[in-house]
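Common to both upcoming complexes is chain A, partnered first by chain B, then by chain C.
On to the complex of A and B.
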């Protein structure tokens, strides 16, 4: 299908909207009516046609607007994109992975023409047609990681693997759930996850690390993570928290359906061939509660998950103060009927909301 | 007593040990304030080792309380510096010239240990050759996550950023690269509502 790209903003007037198509393909993160941390990792080898799992790097209607927002963030704070000196090779690996994947998965939008080390990259949505020399940094306007991730939705953490650990040694991070690349760069897996409550004690990170250290080339993995965001703000960074934190206090019973968004990260993991680094794309999807509840199963389930979530997690995810307003709203979309297992919307098999 | 036992914390927060003499081609020791006591206990345990030691010491308000005992320990070289900033170039030179097997001893405040550790690792000294011991003040070196300015010797939580003026709470999240804890705006969701500062670990 041809994607109709939205002209929209993720700041100020917040004109971001999901189309009916985007709502139905939203990566709803709860496979049952409750939530706790787990190493919910699975192979990333496609998914149902049209779903966000179908392609290696999903492109959707928000593509152009998200890239515009990224450019604004970087102009304001170039430290959101950093690469330690030993990570340049991994940057080329990443550029190759994305260019090859996108040109194969979306031939109508992206083209890659390779003649030895002379590569021509055509990005039609963004109006880019560049010819460069693979592995020659001087032939691109940015370093390879920055160049390609300015053209790819989602944040990117590029992890070096050594000493049986993963090290966050490069990244492009402008749509993050409140963590700072500039502060965390150079940390190992346990250090950058240090502030997460409960999960260390549960052994989640030890198991996750073990899994990730063994991710092989051509067998990428994926998982979903989630949080809540008031307004469709992509840049919920600690750097700008003193500016956006106040927006959390603007939630009211009248505007909660429109303003409160479920924020879902599709996290994927790819082994890179030359550097043996692991790239960790973190793709952010936002959906307003009023759109989410148009899928009856999701309305029922989200209410139950948010209601039963341990206070520590609601605090860590930053919505403990707003939980009562959110629950009041969501309870109207929970008629107590059972829900089908799994994350899919099941529009045709699940009953409509009983009133 | 200049020793403080930090309560258990999150994974990114550094933990410190106790300095002990270790055989090595070169002995490089850096301390500030009460950190001198840790150096002196190494000297006591192995007086011979001091003959090969290059000691850099920053009194930081302790006057000559420790300088005379350090001199009496008879290190090969004793350099008294007025601040960490003042001796950074010297330290860089000394670390860079350190032969294989050199032993590094860092003692005193977290800010000093963290910065010297980052410098040594950046120069290529293996972590296994570096010992640390916390002594004296529990003050922290804190980076404001908003303006990126670093404030030294933060004694309270919250505190006011010395660069941008925001009121910051002090997290335990720590960057070894920056040798700093993270400070985050405390009143972003309720501007002006800043709790009274409380001394760290009080």
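On to the complex of A and C.
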């Protein structure tokens, strides 16, 4: 299908909208009516046609607007993109992975023509047509990681693998759920996960690291994570907390359906073959509650999950103060009927909301 | 789920005898496609159909990691082994089709190192050949100290010395030359990492010397693939699969499970990567652990690495 790209913003006037198509393909993260941490990793090997899992790097109607927002963030704060000196090879790996994947998965939007080390990259949505020398940094306007991630939705943490650990040694992070690359740069897996409550005691990170160290180059993996965001803000960074944190206090019973968004991260993991590093793309999807509840199953389930979530998690995810307003709203979309297992909307098999 | 590697169908494009012991095999993708890039130090598992027996042996890739047109491995003839190397030497010919596992790297360069000090013994030189090619592309200081039994058996020594005369030093046993390890490990600039690949004795010597001289453990890297050892046949009950199988004298427990159609994960098949770690539910007998993976407190009958380890006794029940 041809994608109609939205002209929209993720700041100031917040004109971001999801089309009917985008709502139906939203990566709803709850496979049952409750939520607790788990390693919940599975192979990233496609998914149903049209779903966000179908392609290696999903491109949707928000592509051009998200790339515009990224450029604005970087203009204000260049430290959102960093790469330690030993990570340049991993940057080339990432550029190759994305260019090959996108040109194969979206041949109408992206083209890659390779003649030895002379590569021509055509990005039609962004109007880019560049010829460069693979592995020669001087032939690109930015380093290889920055060049390709200015053209790819989602944040990217590029992790060096050594000493049986992973190290946050490069990244492009402008659409994050309140963590900072500049703070985490150079940290290992346990150091950058230190603030997460409960999961350490559960041994989640030890198991997750063991899994990630063994991700092999033709076997990418994926998982979902989630939080809540007031207003469709991509950049909810600690650096800009003074700008967005206060917006959480603007939530009212009247505007909660429109302003409160469920924020879902599709996290994938790829072994980078030339550097043996690991890349961790973190793709952010936003949906307003009023759009989410148009899927009856999701409305029922989200109410139950938010209602029963342990207070530590609601605090960590930053919505403990707004939970009563959110629950009051969501309860109107929970008629108590059972829900079908799994994450899919099941529009045609699940009953409409009983009133 | 297992994170095991995928498969690459290949054709043998060259078979080059280097000396009495070592032969190089080169492969291209069977469908003419480019082969995936890899990082220096990676290995591939070569799948061989030898009559009714499927052999899966890991070999270090030694071709240029940036060259997608072919892979190369070098195989040392091991007459005392279980037959994989003999099969390659004696049966596999140019034009034959084989299946390779996608490259896996358990012996990667630490790219934060200021200098890479490489110590090779015999056929252990092969991962360094690819690592040196990688460093030629990306830049990076290295030295290779390569010990071999004789000039004739020093595979690739001439090529390496011709390409890097100041960085490659050869030591020949038959001329009583020995790597001056103590001096080498004492005189390195800060930020140097040392890598060793070779026979067990050499690895132990390097690791012990580095430790004695105060090298930080994270700056010392080694790789040794263990070949599974033969032993007395034994029976195993596989609880998840509901099967009881017999492990033959010359096969590993992992191979026996594969023969019986039990899906068992693996990456290195040499006791190093941990992928095939399997829980022990019950046992009456003694384990012969041969791996480098398990902690001491896991060797008391709670876990086994089926790629290299065996069992002697009356009953063994595994969680597989």
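In this text, the second predicted complex is superposed on the first by the 355 of 355 C-alpha atoms of A that agree within 3 Å, B and C clash if a C-alpha of one lies under 4 Å from a C-alpha of the other, contacts with A are read in each partner's own complex, and residues count from 1 in each chain.
As a working rule, contacts are C-beta pairs under 8 Å (C-beta built on N, C-alpha and C of every residue); 3 or more make two chains touch, one makes a residue touch a chain.
Note that the structure is a prediction, hence the values are computed from the model and not measured.
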| item | value |
| --- | --- |
| Which of chain B and chain C A:192 touches, first, second, both or neither | first |
| Which superposed partner A:102 touches (first chain B, second chain C, both, neither) | neither |
| First (chain B), second (chain C), both or neither touched by A:246 | first |
| First, second, both or neither for A:238, with chain B first and chain C second | first |
| Which of chain B and chain C A:303 touches, first, second, both or neither | neither |
| First (chain B), second (chain C), both or neither touched by A:25 | neither |
| On chain A, the residue positions that both chain B and chain C contact, one per complex | none |
| Chain C residues touching chain A - in the complex, by the definition given at the top | 1, 3-6, 36-39, 41-42, 65-66, 102-105, 108, 110-112, 134, 137-138, 218, 267, 273-275 |
| For the chain B and chain A complex, residues of the former touching the latter | 10-13, 143, 145-146, 148, 166, 171-173, 175-178, 182, 184-185, 188-191 |
| Chain C contact footprint on chain A (complex, rising order) | 41-43, 86-89, 93, 96, 135, 160-163, 210-211, 214-219, 221, 273-276 |
| Contact footprint of chain B on chain A as seen in their complex | 79, 180, 182-187, 190-195, 200, 238-246, 248-249, 321 |
